[in-house]
Each structure stands twice: as structure tokens, then as C-alpha cells.
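To keep things clear, I will list the structure first and then write my remarks on it.
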Amino acid sequence: MTAKTFRGGAHPPEQKDRSSGLAVERLRDVKQVVIPVNQHFGAPLQPLVKVGDYVKRGQKIADADGRMTVPVHASLAGIVKKIEPRTQSNNLDGPCIIIEAKQPEPVDGVVESTDDFMPPLDPFVCSKEEALARIRAAGIVGMGGAGFPTHVKLAPSKPISYVIANGAECEPYLTIDERTMIERPEDVVEGVAITMKIVNAPEGIIAVEENKMHAIPLLEKAIASSPRTRAGMKIRVQLLKTKYPQGGEKMLITAITGKEVPSGGLPMDVGCVVQNIGTLCAMVEAFRDGKPLIERGLTITGGACTKPANVIAPIGTPVADIIAAGLTAVDDEALRRIIYGGPMMGVAVPNYAIPVQKNTSGVLFMNEEEAVHYEEETCIRCGRCMRACPIRISPALLAVSVETGDYKEAEKIGLLDCIECGSCSFVCPAHRHLVQKFRVGKQILRTIKQKEAQNAR
Amino acid sequence: MKSLWKTFKQGIIYENPLLMLMIGLCSALAVTSSVSNGIGMGLAMTFVLLFSEIVISLFRKVIPNSARIPIFIIIIAAFTTMVDLVMKAYFPELSKSMGVFIPLIVVNCIIMGRVEAFASKQSFLPVVFDSLGMGLGYTWVLVAIAAFREILGNGTFAGIQVMPGNFQPILFFILPPGGFLVFGLLTSFNIWLKNRMAKSEKAKERA
Amino acid sequence: MPAKGMLLSSSPHSFTQISTPRMMLSVIIALIPASVYGVYLYGFQALALILVTVLSAVASEYLFRKLIKAKTTIGDFSAIVTGLLLALILPPKTPLWMGAMGAFFAIVVAKEFFGGLGANPFNPALTGRAFLLMSFPAAITTWTMPHGLALADATSTATPLALVRQGAALTDVAKYFGASDVGSLYRQLFMGYRSGSLGESSILLVLIGGLFLLALGVIQWIVPVSVIGSAFLFSWLLGMDPIFNILTGGVVFGAFFMATDYATRPLTPAGQAVFGIGIGLLTVIIRKFGGFPEGVTYAILIMNLATPYLNKMRVKKYGFVPPVKPAKPSKEAVK
Amino acid sequence: MVTIVLITIAFSAILAFVLGTALGFFREKFKVERDPKIDEVREALPGANCGGCGFPGCDGYAEAVATGRSPTTKCTAGGSATAEAVSKIMGVDAAREDVVSVLLCQGTKDVAVSKGEYVGVQTCRAAKLSTGSVKACSWGCQGFGDCVNVCKFDALAMGEDGLPHVNYDNCTGCGMCAEECPQKLFVMVPREKKGSIVLCSNRNVIKANVLKTCKTGCIKCEICVKSCPEKCITMVNGIPVTDYSKCTSCGVCVQKCPTHAYKLLEVDVMGEKKKVPVLEA
Amino acid sequence: MDLIKIFLVAVLVNNVVLMRFLALCSYIGMTSDVGQSVGMGFAVTFVTVLATAATWPIYHFILVPLGLTFLQILIFILVIASLVQLVEFYLKKNIPGLYASMGIYLPLITTNCAILAVTFENISFKYSFIESIVYAVGVSIGYLLAMVLLAGLRDRMKSSPVPKFLQGTPILFITTALIGIAFMGFSGLIK
Amino acid sequence: MKGIAKLGLVLAIFAAAACASLAVVYAITKPQIEAQDQIALTASLKEIFPEAVNFEDVTDKIASKDPNIKFLNAVLVKSENAPIGVAVKAAGPSYGGQATLLVGITLQRSIAGVRVLELKDTPGLGANANNPGYFVKKAEKVTFPGQFTGKYLTDAFAVKEDVIAITASTITSKSLTKIIKTAGDSAAEWLETVTADTSAETTGGK
């Protein structure tokens, strides 16, 4: 099998061997969870519970009307202690529902179940609408990054020819998708099959990078034994070169199909749907067990992490509690930087009391050596960023127009196309903060455009 | 008298056309490859400036406002032509080496600027002092640039060998790019000077 | 919880090991073979010239930065590269003080005045050479025959290109340099026995350095290939000997080490190709019609001028959608 | 000699007459209506058309000045005299209210806790975007001086205490800083306004957390509201606001405020406050 | 062939700005923006050719027969100034589109010494009418070229950390010096 | 309309006055300007032929054989009344454009002297031909044009062999030599025709 890939990109050190051999452990007996109300990309939600309410595990605690909304569920049975702003993993304060674990009093000697799950649903039998409603009701969002509502993604307005399971996991350090593919290959395959059924796609592809080769036989075995493939569904594994950002939706599509998602468009414009491995498994659980997205797997690792781990933790668990539970350990003395997410696109946060969210794929504890930060030097115009940029927007030139405030030119070069993957900043020998500049530039450009639109009116 | 003296000083230093106002650059760069050219150009310029200002000042009340620009041009052009003719007749070498730049005095911003801003509003005496101040201010900067370029670029000052015999002249400085470089550094000096003056003025205000 | 404050940075949080000084260092390494060979050919005078230009380049940068109270940047080694490159494109017999002056001009006027590394619009080393060529035309066009480490007086001579320019046939040039025929003249020029600039004698060694940089990914192939290719093509079209033309006058040296200068070449691939072709064409034109026998220096400097515009020749971005001209709204639609 | 002089006179007189007449004629014929101020300014300029101002000729510059796109001092050929004349023409319409910019944050380095060690692009906007806020207080001044950079009048400077300081002599109240500040910490206050003001913008709903983040933050204790003898302070959106129509500048709220967030405009803000050493740009 | 030679020498070898120091005011003033520099360049080209076409016959068919060649400076500047005025009036009224893009540069052109210089030189170089026109085009294209090149470099320098004491005009002159050095490569191109 | 006419009238008065004064200046300087070229030429001629007194214009009689080299002026130089040589002001292409030389030829077909009148070549290189401080023979202090003095036209004129070139300026050296040689040959040829009928007076020389 030849490994496919895209043009551009970078090769950050992988650093995956710390945790890639460690089986996923489940965190139990969580005392308290801090569940951010808004964990998806879309309109904000309203809490459905009050302080003092008793909630069951899996009970919907926040929701709102609207297409781009996804409800949030209690990941713990207990009492709602507070609803107040807390720092989330994007460093911003947002409303959080704080639930303290409490076993319900036995009524008549019988302890009522603390779980409040939905009835199982067979996605291959039910209608597409029912399936999509289930996915929304289960609170499923894209678990790889921005938290895009999955029920929206699975209702494309264009015909789909490929469903791609994103097993590239190109971010260094992170291994949770790799572990999931090794430990639950059947669920991954089942998830692909469900997606294919919903979007009516003829082909499913599980994309895996070369550094996760060992997962391939397991996946292939799962495909071979899956009742779905036996029923005629076409699912295969595709090998990809190890390169960042191979797991970026657009890059993945280009690597596999050779097509490019048009600027400003969506994967469906080239007939693709890309799903994260974790999302696939969550979907499987939502149909098979009726379980909403109340827990997720994440990798905890890094140079200052003395006990790396792949953990499944309830959504809203402060990472400090995972440490307290002994599943992982961190050397506070050596700790210099905490990142929620991967090192290329994650967010550096001030402390590790911040809870795990639906899109938290990992937590990195970096030591002094890893947290090295360079002074920004002047651009020497070497052009490395130009070759690394997977979407070919000439970062060196873009940076100049952003710095000089020439947003007209910046837009022409493609500021709004930037996917903020960080490849340019990574390869820059002068350590220029390119991505950060583009991010600020995008914000300013959008404001300008808004103003223009208002003036035009 | 004091104010006349001040007018005179304005042109030489505080509002020096080349050093401070940065106008009249073309000729300043073109003729400064030798000191003699610089002096010649400076004097020619001063002459035109002086007489144009005097004449315009004398006739300022007769000149109708709407036709003033063409009339100014006529007067300036007349004096420029005179200088040109005199140069051709009595300093043929100088005239040749400055070429088209003597006739071009007519479009020099300094003259038009002074005539419009000063001569058309002032009486005889201040005008004389202003034009002499401006002219000399122009000339001395011209000679200074020319001296720098000629000494470094040719080893001579006004044609007289001043550098030791084994000095290798740096031709760059008498070539056009050298002129631009020297002038660039001069303007940088000019900015520094302005800042300093602004600062000292501020300090004065405070005191 | 840790006591001290965490580092708060914006993504990405990971950086490559390749830094500016490292890239400059690899350029210096790539230049070593040619420099050593130059010293071998021209003796201590050549060594002294290299040392003087490098030292004065570094000193100029250090002192200038001190003067304007800016951060010292000699740690990025770029001044060393400029000094070394300058020495390698000067005649071996250049008086040392001229070398120092050229390095000063290259660093201070061509580079630091514009804000230092990366901001200079013109190749500093070439600007330094052009400055010297303008200032001391006789000294910078006085060449010597290679005379080895011997302290014997160097004999003045002409470069192969100058000979051709004066009307000599290639066979005469071959004879002049002791080669039996034109073919062996090519070989000799390739291996490196001829009069010329300090560092461009041996095309072989220059190529080795250039390929080393290509292999490391410090430079890319578009510029050197297009420079050499277009010099070859256009000299053939203009009825000159193409092989002779690319083997002489620093075409290869310029293509690999001067035209690829980061700050002054275009960033985009298409721009680089046009840039390289332009250099080759101008080199040949200057050689054929112009006032200088070698032409590469000015060809590159002139193309440097076009760089800001060549940078506009961008690659189509990912998923580029050609802008659709908004159709004129029909009157009904407006209603 | 006489012949040549006569020929010359005849020729030039005819030529000049023709040209002059033609010019006058065309000027009348092609007259285009426009703002008279442009002409006024144009009249005051030397007419050298040297381009030294950066505009296409004196006409271009006059138009730019008249429409307010350019300062009145750009004409180099005319020197100071022209600048004065132009300013005189333009200076008459300064009828707008004289306001100055006031920073509603006192979170200096010493009193406001920082969230961590921020590295990256050194602008407030970038810092806020990447970290939420570099200070533990989400509403506080980021301290990278975006406002200073945007100020065209040299009225803002970063102090060594980590906050920008307004030079009220230079401030023209143009509002550029308020526009630029990502935390929206600047308000425009009339220069002559008297009364008390809260120099804090935090909207923290958990009162207990305010002091953890900033020693001079408003802790919403409402002592000011209660102690004000004129009853002119009310809590609006979690922050006390003074009703200036009633405020007598008695200073009770300033004295009572436990965290010194309340200040008097005329004394503490615009008066001769303790000078903070200003960082070299 | 001679015409091509006259043209190339005027554009490249004896570039009006870089080698002859003419028209510096607008060269420095009007290059902060590429579009502006192109507009100015074309406006100058237009007027230079027009001025040449007007002054050459005046000189040869009026001044020479009348023996009034010494009035050359005066007449030429008057003719050019009036010409520019008329063109401006005409454009303003009749082709407002063109006026908007070019007209604003017209007043600057009256005092653009390059134009006057071209008309003088056409006489002193003893060029024929056709040669004069070619020379005029060459000089103004040379001017346009210098403008556009500086504008490009200026655009690029906007993001450069130029030392404070050189910011503004000084660095423009230094840049021009370096452009001049590069243009020295063209010297001797035409013999 | 009246205003317009007044405008034109005022303009006319000023123009007339200005031009009138100009005309006066012109009338005064005119003879001097016209004499200027002649004065300069005579001065150079006297340098080449110290005993020259009279000059006879023969410009129309001597033609250049090389189309690139033009003879601007040619004079027959006479002492009192006997011809002593011919001087040709010749212009031809050199490195940096037109170069103008004044070449004097004795009746013995040797070069009496060469003056460089106009040369636009590279300073420091070609321009050294016109530099009185630049010597091709340093010991004897002979300048580039100086080396031609006394050279017979029948001698070889190969640059770098018979004529010492200016360092690194072969082109200038060659083009100048070519101008000198062309001017000399043409002058000599013309002399043949003249001396044929005035031989009695002129062949009595050395």
C-alpha cells in the first residue's frame, strides 16, 4: 500500500512513544465536574437546571433551539452546586454547571439507577431524520478540534462519495486515537458504517498515518469481520505519510482523493465527510447504548508528566482531579507550560484545574526544555513557510501585509483561508509568530468587512 | 534692522532651502560633483532669486492676483535667461559642465516658493535680505556637499589637489549614486537637526 | 498546583531546530571548498583578503548596531557570510583596504541602513562589489594568474571573458591558459585553473557547495537552474559559446550563492523562475552589448529591483476559486 | 540692437496677450463648482507645486487640508508662514466639545495578578486573543500599549507600572485609543468635567474573586452607593456609576472605597498626579 | 536604429532620475504608492510628448527665423505651463474619468524639471522632430521606470525596521543610490 | 470678458518689459558667446602648433572615410603665411558615447599633437584619456594622448603593441586611436592634393 499525502506541511518531532503503548484507563469515582455550557461551534445554550437540582448521569442539562446547537449532558449523577463563569480550555470565562457527585437516597431500600440514557436505536433501520435527531440528542460534536455539530455535518446538501475516518492524529504527543483504533477497531468500523448509512456514501475510508502502522492489521481484521462489510458496505484502510497537518480535514481529503476543498467551502463540496475517531465511537455508543457524549478519551503526557496516560474521563472533570485520582502524575517543579490539545494547535492555559471538554483530545505538561520560547527575529525571507503552508497562502508575504495593516492585500493573499495549523510558525528559523499574527489579522479583517457591509447598507 | 538680520538668518539656517525645507533638490544633486560647479550654481541661483524677488516686490501692487503666476514665471525666466547668457559668454567652461541645469533654475521650487510666500507680500529691504539669506543658504550647503564629494571622489577641492598623492579617489562619490547617498545622509542629518531644534525649543518653553 | 506562572503562548507551541544562524553556518560551510582552493591558487594575499573582508564586515555590523543602540546581530553569522561572499567575488589582488571598505559598504549601506538581515533590497556582497568597481575601476579589474602559495610576484593578466571581449577566439583563450583545445579549456575552467575572482575559479567546488546547500534544503533549485539555464540558452541564441559563457564570469557562483540570497530574491516559485531567467538574460546582454565583461553582478542587482513585483506572482492558494464577476442584477431582481 | 529689441517686444507682447486671454477665457469657461475653502487654502499656499507635502501639487494638498485629511503644516516650500496662514483658515471650526480620554483601570503590575507569563506578539489584541487576558482579571488592561501606538498626538505613553498614561495636555479626545483597546477601557470625558469616577471595569459576578485578581478592583461592596450624601451613585451592570448632575465632588466615595477604585476626576485623574516614569518607546 | 538607441539611452543608460537627478521632487513625493507612481509616470509621459511636439516647431519655425532663440527658456516654460493648464481644463470638463486618475498630477507637472529639460535638450542635441519625440518618450519612460521601481521597494520597506535616523526621506535617497548602482550595469550598453 | 482682456494686457506688458530687457542683455553678450567656440579652438590649436598665427577653414575639403567618425571642423594652420600643418576636430564613438578629439598633423605626416575635447567614458578608466595626471608612461610622464605626439602616420597604430592602452580600458584606447588615425589619414590625404600645387612653398621643410 503506498502512502498518500498532500503538498506542503512540516515534520514536528512526534513524541508519541511516551504514551502510545499505554492502554486506555477509565477514570472512576469523580467527585465533582465543571461542565461548560457551551462546548460546540454555534449558538450559545441555556442551562436547563437550577442550583440545588439533582441530576442523573446522562441527563440533559443545557440546550437551545436552532440548527447549530448541541445539548450538553450531566456526566455525573449529583447535585447542581453552582452555575457560574469559570475559565474554559479556550482561556475564556464561560458559564459552567458545577455538579457534585451524590448517591441518591435509597427509596424503599431500592437505589434508583443513576443513569439517564436513551433507548438504543438501530441506525441501519431507522430513518435518516431519526438518526440525525439521535446524534444531536446525544450531544455529539466533532471531538478533534472546533466542536462542529455532527448532526449538521451529517446532513450535507450535496451527494457524498467518501466517508473518511480521520485516524491520522498528526498532532505530536497525542495517542488517544491510536489507542482507540487498537483497542476498539470494531467500533471505529461500525462508526464509519453508520456515517456511510446516514450520508448515503458508497465508500468508507479509514485514514492512518505510517507511524501507526500497527493499527492497520487490527482495523483490517475488524473490517473483514464486520457485519456491515459482509452486508456489502465498502470500507478500507488508507495509509498516509506521517506529516503535519495530515489530520486537517482539507489536507486529509486532498491526500486521499486528490481534490481540493474550494476556498470558503466545506468537505461536502468535494463529496467528502470526515469524522474523528473519537466521534465515531461516541456515535456508536449513542445508538447502541443510548449513551450521550458524557465522557471522552484523552492523552495526558509531556515532559513534565511523570506518568503519561491515555484516559477516559467524564466531560467536565478538572484535569487536576485525574492527577488526584492517581491515573497520571505531574512534576509541578518541572512544569512550565500546560496545553489543552496538541502542541501545534492547542491552547496554553494558566492552570490544570480547567475541565476536560468534548473537544479536549489531550493535555500536555511541558517542562522547561519543551516550553522553550524564542524571541521573534526579523524575517530573513528564506521562504520555508511558503513551502510548509499546506494551503499555499505565502505566509511570509501575508505577514508583511498584516503587519503594515494592508488588509486588502492580506485578503487577496488569503488571510481568511488560513487554517491556523501552525506549520509556518513551526518551520520559521526566525521564530516569527506568524499564526498568531494571522489570527489577530483575521479578527481585524472580519471587523473591517462587517463595518464595510454595514456602510454598504 | 534686527528683524532684517533675522530674515537673513532664516534662510541660512532655520529655513535653509536644502537643509531644512528640502526643496530645490534636483540642481543641488546634479551640480555638486565639483566645488566650482556648486559655487557657480549657487551664485546663479542667488542672482535670479535676488532680482526676481526685488522686481516682484516692487511691482506687487500692480500685479493682478489672478495673473500672478504667469507673471512670476515671466520675470523668473527672464532673469534665468540673463544668467544663462552671461555664463555662456564669460564662463563657457562652467556653463558647459552645468549644462541644462542653469535654464532649469526657472522651475526651481525655491524661487517660486519664496516669490509667492515672501516677495509678493513684503517691501524692498526684507526682500533683499530674504533672497540673499536664501541664496547664500542654498550656496553654502551646495558647496559643502560638493566639497565632500569632490574631495573624496576626486581628491581635489575646486580643482586643486588637496589629498596626498597616494590617495586613491573613491570615484563612487562623484558618480550619480554617490550623490544620492551623500544627499541621503545629509537629509538624515537634517532630520536630526530639526529634532534637536524642536527639543531645545521645547526646553525653552518650559524654562 | 504549581506555584509559578505558566508560560502562556499562542499555538503552535513547538518549533523547529533550524534557526537563522544554523542556515548561515551551512552557507559558510558550503563556501569553504571554494575559499580554500582560492587560497591555494592565490596564496596568502587571498587568505588575508578573506580575513579582512570577513572581519570588517562583522566589525561594521557590530559597531553600527552599537551606534544606533540596537540589538547586536553578529550572532546570526550573516555578516560573516556577506564578508566571505564579497572576498570570493573580488580579484585576488584587491588591496586589503579596499576589501575592508567594500565590506563596510556592503554591511552598513546595503544592509543595516535598511534594517538589517532580511530587510535589504539588494544583495549586500554584490552591492559592495559594485561599489568597489565604481570607485576603483582599475584595481577591481586587475586580475592575476594563479600562482599558488609561492610568494612570487603575481603577474597581471586578463580573464577569459575579457579576452573574448577583446576579440580573441576561444582557441586563443585556450592557448593563453595553456590548454590544448577548446574542450580541454572547458575542462580546465570546470576544474579551476584560470584567472578570475578569488572564489569562482573551480566550477566543480562551487557546484559541490551549491549542491550541499540544495541537499540541506537551505536553497531551492528554481533560481540556480533558471539562471544557468537561461544564461546557456540566451548566449546560444545570441551566437556566443554557451558552455564557455556559463563556465566563466561567476555565473555558477552567482546562481548558487548570490541569486539565492533570501532577502533579495522573490519568495514565490513563479517569481523565482522569472527572476532567474532575467538574471541569465541580463548577464548575456551585458556581456554581449554592455560595458562589463562578466555582467552577473549587475544582472542580479538589476533583478533585485524587480523582486517586489515578482513577489506578486503567487501560487494559487489551496482550493482557489476564481472570483466570479458579480452578474449585473437584473431590474426585476432589484425590485 | 534696436531691431532685435523691437521684434522681441512685439513678439512677446502678442504671445503673452494671447496666452493670458486664452487662459482667462478657459478658466471662466471650464469653471467647476467646489468648496470655497479649498480655494482659500490654495491661495495661502505658495503654489510651487513641488510635491514636498506628499500630495499631488498645491491643489491636491489644499483639498486634503480643506477636507480635513491632512494637517495644516505639511507645506515645506512655504515654511512656517504658510503653515500659520493655513491653520488660520482651517482653525476656525473647532467648535466640537473638548473631551479627553480616561483609562478605566488601575491594574498596575504591582496590584494586578498576572495569569501567567505571556510570550508572543506583543500587542494587547494578540495577547487577549491568545490568553483571554494576560491578567487574572479578564477585564483589565493588557499593558502592551496598542493605544499608545495608535495615538497620533503623542498623548499616551506606557508607564513603567505597566499601564498607559494619558498626557491630558496633548490629548485631543479623538477616541482612537478607545477604538483600539480590545478591553474597551477608555472613555471620553469632557476636559472640564468634575466629579468622581470608578477607575475599574471588572464585571466579575463572583465578588470574592475580584481581590484575588486585583487589589484595586471594584469589589461591588456598594459602600459608595450607601455613603454618597447626594445619593448620586447607582450600580449599573455590576459597576458603580456616578450621576454627574448631582455629584458635588465631596469625595466621600473616594475616601470610603476600600480598594481605592473610586477617584476624583479633577484631582486624581486630570490633576497633577504622581508622575510615573515613562518607558522609552 | 538611431531612434532605438536614443530611446534606450534615455531609459536605461542616462536615466533621467537615477543618473541625471531630474524630477526628484515628484520622484520622492509620489512613490509612496505603486498606483500613484504609475499614474504620475503616465501623466508625465503624456505631457512631455505634448510639450515636445509644441516646443520643437515653435523653436525651429518661429524663434529661429525671428532670431529670438534667446527667449527659449521663457517661451518654453510659458508654453508648457499653458499647455498643462489647458489639458487640465479640458480633461476636467470633458473626460472626468481620465481627469480623476491623471488630472490630479497635472499641476505637479508644470514644475517637473524633466519636461523642461527634455525640451531644452531636444534643441541642444540638435534632434530632428521625430528624434525629439522619441527622446521625450524615452526620458519619460525612464522616469516612469524609476518611479515604479522605487515605489515597489518603498512598499517593501514599509515592514522593514529601518533605523530611526534614516526613516522617511533619507532612506529613499539611499535606496535611489543603490538603484543607481544597479543601473550602472547598463552603462556602456549602447555605444 | 473685460477682465479676461485686462489679464492678457497686463501679462503682455510684463512680458514685453521682461523680454525687452532680455533682448538688451542678449545683444551685449551675443558677440562674446559666438566668439567663445573660436577662442577655445584657437587656444587648443596654439597648444599643438605653438608657432601658429593664421588659420584657414578647410572643413568642407576634408572628408572622413569612416562613416562613424565625423569631422566637425578642420583648419589649415599657418605661421604668418606658410602652412605648417592641419588640425582636425573629429568626433567618433567611444565607450560612453561620442568623443571629440582635436588632432594636429604636421606637413611631414606626423602627429603634432592630440587634445581630448570631450569624453564621457567611465571616470577612473576610459576618462583617464582626458586626465592630465594619468600617465601611460609613468617615468616620462607621458599621457595617453601625449604618446601620439611625433608619431608618423606610416607607423603602426595597433593598440597594446604600438600604442600603450589605458589600464583596463581597451575599448576607449582603441576607439580614440581609431579616431586619431582616421583624422590623421584623411588630413594627410588632403595634404597630398594641396601640396601638389603648393609644393614649392611647403616641401622645403626638414
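Some points to look at:
Going in written order, the chains are labelled A, B, C, D, E and F, and every chain counts its residues from 1.
Following the convention adopted for this analysis, contacts are C-beta pairs under 8 Å (C-beta built on N, C-alpha and C of every residue); 3 or more make two chains touch, one makes a residue touch a chain.
Predicted model only: the values in this text are computed from it and were never measured.
The chains touching chain A as well as chain E are C, D. Averaging C-alpha coordinates per chain and comparing to chain B, the farthest chain turns out to be A.
The highest number of C-beta contact pairs joins the chains A-C. Each chain's centre was taken as the mean of its CA atoms, and the one lying most distant from chain D is F. Rounded to whole angstrom units, the spacing between the C-alpha centres of chain A and chain F is 88.
Distance between chain centres (mean CA atoms), chain D to chain E: 41 Å. With centres taken as mean Cα positions, chain F sits 33 Å from chain E. Looking at chain A, residues 91, 348, 350, 373, 378, 433, 436, 439 sit in touch with two or more other chains. Touching two or more other chains at once are residues 4, 7-8, 11-12, 15-16, 19-20, 23-24, 27, 48-50, 52, 115-116, 119-121, 126, 129-131 of chain D. Across the assembly, chain F contributes residues 3, 7, 10-11, 14-15, 18-19, 22-23, 26, 95, 122-124 that each touch 2 or more other chains. Chains touching one another form the pairs A-C, A-D, A-E, B-C, B-D, B-E, B-F, C-D, C-E, C-F, D-E, D-F, E-F.
On the side of chain C, the complex with chain F involves touching residues 135-138, 141-142, 166, 291.
Residues of chain D that touch chain B in their complex: 16, 19-20, 23-24, 27, 46-50, 52, 76-82.
Residues of chain A touching chain C in their complex: 10, 12-13, 91, 172, 250, 254, 260-265, 320, 332-333, 335-339, 341, 343-353, 364, 366, 370-374, 377-384, 386-387, 390-394, 396-397, 413-414, 417, 420, 422-423, 425-431, 433, 435-436, 439.
The touching residues of chain E, counted against chain A in their complex, run 156, 158-159, 161.
Residues of chain C that touch chain D in their complex: 5-10.
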